[in-house]
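Once you've had a glance at the structure underneath, I'll fire off some questions.
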Amino acid sequence: METGRVEAFSDGVFAIAVTLLILAVGIDRAPHGDLGTYLVDLWPAYLAYAVSFLTIGIMWVNHHLLFDNFARVDRPMLLLNILLLMLIAFVPFPTRIAAEFARSEVDRRNAALLYGLTMTTTAILFFALWMYGSRRLLRADADPRVVSGITRSYLPGTPLYATATLLAFASSIASLVMFAAIALFYALSAALFGRTDATVARTASSADTS
Amino acid sequence: METGRVEAFSDGVFAIAVTLLILAVGIDRAPHGDLGTYLVDLWPAYLAYAVSFLTIGIMWVNHHLLFDNFARVDRPMLLLNILLLMLIAFVPFPTRIAAEFARSEVDRRNAALLYGLTMTTTAILFFALWMYGSRRLLRADADPRVVSGITRSYLPGTPLYATATLLAFASSIASLVMFAAIALFYALSAALFGRTDATVARTASSADTS
Amino acid sequence: METGRVEAFSDGVFAIAVTLLILAVGIDRAPHGDLGTYLVDLWPAYLAYAVSFLTIGIMWVNHHLLFDNFARVDRPMLLLNILLLMLIAFVPFPTRIAAEFARSEVDRRNAALLYGLTMTTTAILFFALWMYGSRRLLRADADPRVVSGITRSYLPGTPLYATATLLAFASSIASLVMFAAIALFYALSAALFGRTDATVARTASSADTS
Amino acid sequence: METGRVEAFSDGVFAIAVTLLILAVGIDRAPHGDLGTYLVDLWPAYLAYAVSFLTIGIMWVNHHLLFDNFARVDRPMLLLNILLLMLIAFVPFPTRIAAEFARSEVDRRNAALLYGLTMTTTAILFFALWMYGSRRLLRADADPRVVSGITRSYLPGTPLYATATLLAFASSIASLVMFAAIALFYALSAALFGRTDATVARTASSADTS
């Protein structure tokens, strides 16, 4: 199967998942009490919406970056991709839980754990998809430096999300702030320093040599 | 009408149906009681989400496989395809019912029957679409072995789903487990042994000769 | 602007509107009472889902048929198309109202009026879009017989839907049955006799000569 | 990255956001009281649905107009575009709030402020995206008159929406009417006088010379 068709279907799931995040601000709830106060008190929901939107948006960009290096798609890759989309389409749920349960410490921790588990699994699947694809499905003309750059740039993803998840046991606020920081870091580094991969790869290799 | 346009529209419905499965984990419900317990108790919903996501995902792959063999699309095929999409877009509903009513035996049985009826009808429509298309709309260069391989691989679909549905009268748990097993079997056989069709066709023909 | 881009966006709206029809069977409601009885009593909702799905599905086919005859899209056409999509995306609402209020006569009548008003306006917009496009945006190589065939086939649409709507004042059941019959007639005539337009046009011209 | 891929993903978000506006008419609420009265009393919701649909529809047209002038898309543009889509996908929320809280003056004012803030931010992001893109990513063969025409036509957007927003402090009705008028003005001027930009640019330049 050509990569174009798989990307088109994946684009659809990314676009719908990102738009369904509006459920996280409670578009289906009847507001209660004074409307002004209600809307202002929704700030954790707006924040959760923005962080998850940014996160899925960056994942969409990365998804294309990966597939651009593949010559074709085989059956195991199709399955890996469906599993990845299963996680992406799941994100609105932990986002909403995090948005609505950012008040008591114990609820916040559980919400952060659910969010973190989802993101960590997504990062693992992204890494698995790239590891499989870069070994079996690479285009003949794929640039080896780009390929190894992407590999190194994907290494910190899983540990970063796993750390933010485990942080919830110490402080749920710190955990949630770290999720936002990861999204912001990826977005800004991508926008300001050119290619995320290149940037992160550079950081990783300087760490290797130190 | 070209097959490309029909596939693009179908891709849209598949992608949206699969993303709306998030309703099955109750994204629109206000959680109650302790959040941790609430989230853990949702495990049947997570399972239902995963099984239906996998099932629709594999159906999307198969949909392309079928249309790749068609030269064009005529009016009866358009109608058959709309009916098939009507069933695909319906799947989130029985999935949610199965997710939320997996507690008492009688509710579980009714949920399994609804789920099974939906899946059996979908399998019948898939088979009808292929039977019609493979007789009237085949590409001149379609490989006869691929065509007969697909035909044989589609034969067990309807009986398998019908059996899982009827199983609900004996045990609803067994029925639901069988739905999950069918999805898993198709996903793994497709991923591990190359083309599903080929694999299933081989099983079918060895059964023929025995 | 090319027609391809407009068609892709329109396809998206058609695909999402059709998939959101699942709201009409109450996917977001918590079932109450005995699940088996609840699911069986939903039959008007299943019917409403099927009728609207079929109707939007056929409209999607016709939308492509029209745009296939256009060389390009200008600004008035863009506005007409946005207005048409506004109606298409609205259909899930009257469908749900019709699905849930098919019990008392007065509620049924109001539901039928809302559904009928939506469908009649949609038919008018379809006709306006075609009248405008066929006069200003036709491809140089458009077949005049196809063009006049489509024109004649679109003439009965608005009166048919208007009649079904007004019928609600006499009998809401008759009105709802007529909506279903229109959808079924278009679907079957399209599937069995080739091109809807041709069929309907033939009927229309034989009526002209009688 | 090619502009085509970014436009396809953006089209998806536009199409889904516009279709989710159906939530603004309360498709997920159980109607109460007499159905006829309930449906008639929904008129502010129908109006809000139409205004937001028209507004997002026109933004979709403009989005293509902008990207048609770009040769390619770089990382900062990807981020700007994701932020823009974040606002577009948010529109169904303020639309619903405006639709359901159009009764008391204080609620209406807060609803108008939320709606206005969303629209003003969207206008700013549209302007930023164009300013960045027209300086860094222009196609070699982009028509300088078209480019400066678009620039001038985008100047009034932010002040117009900001004015309508601030108007809410004087009168919420006037504010809401102005949002509808802006949408209608853009739609009609685009449809009747050819290119919006050209029209608005002409108005803007005649204002410059006066």
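Residue numbering begins at 1 within each chain, and the chains themselves are lettered A, B, C and D in the order written.
By our rule, a residue touches a chain if its C-beta (ideal position, glycine included) is under 8 Å from a C-beta of that chain, and two chains touch if they have at least 3 such contacts.
Please read all numbers here as calculations on a predicted model, not as lab measurements.
Q: Using C-alpha centres only, name the chain that sits farthest from subunit A.
A: It is C whose centre lies farthest from that of subunit A.
Q: Quick one: superpose subunit C on subunit D by CA and send over the rotation angle as a multiple of 5°.
A: 90
Q: Same or different interface residues for subunit A and subunit B, judged by whether over half of the residue numbers are used by both?
A: The interface is built from different residue numbers on each side, given that under half of them are used by both copies.
Q: Compute the distance, rounded to whole Å, between the mean C-alpha positions of subunit B and subunit C.
A: 28
Q: Just how far, in Å, is the C-alpha centre of subunit C from the one of subunit A?
A: It comes to 39 Å between the two C-alpha centres.
Q: If a residue has to touch 2 or more other chains to count, which residues of subunit B qualify?
A: 8, 12, 16, 28
Q: Can you name the residues of subunit A that touch subunit D in the complex?
A: 7-8, 11-12, 14-16, 18-19, 21-22, 25, 27-28, 30-31, 34-36, 39, 49-50, 53-54, 57-58, 60-61, 64, 187, 190-192, 194-196
Q: Which part of subunit B faces subunit C closely enough to touch in the complex?
A: For subunit B paired with subunit C, touching residues are 1, 5, 8-9, 12-13, 16-17, 20, 23, 28-29, 75-76, 78-79, 82, 85-86, 89-90, 92-93, 96-97, 100-101, 106-107, 110-111, 114.
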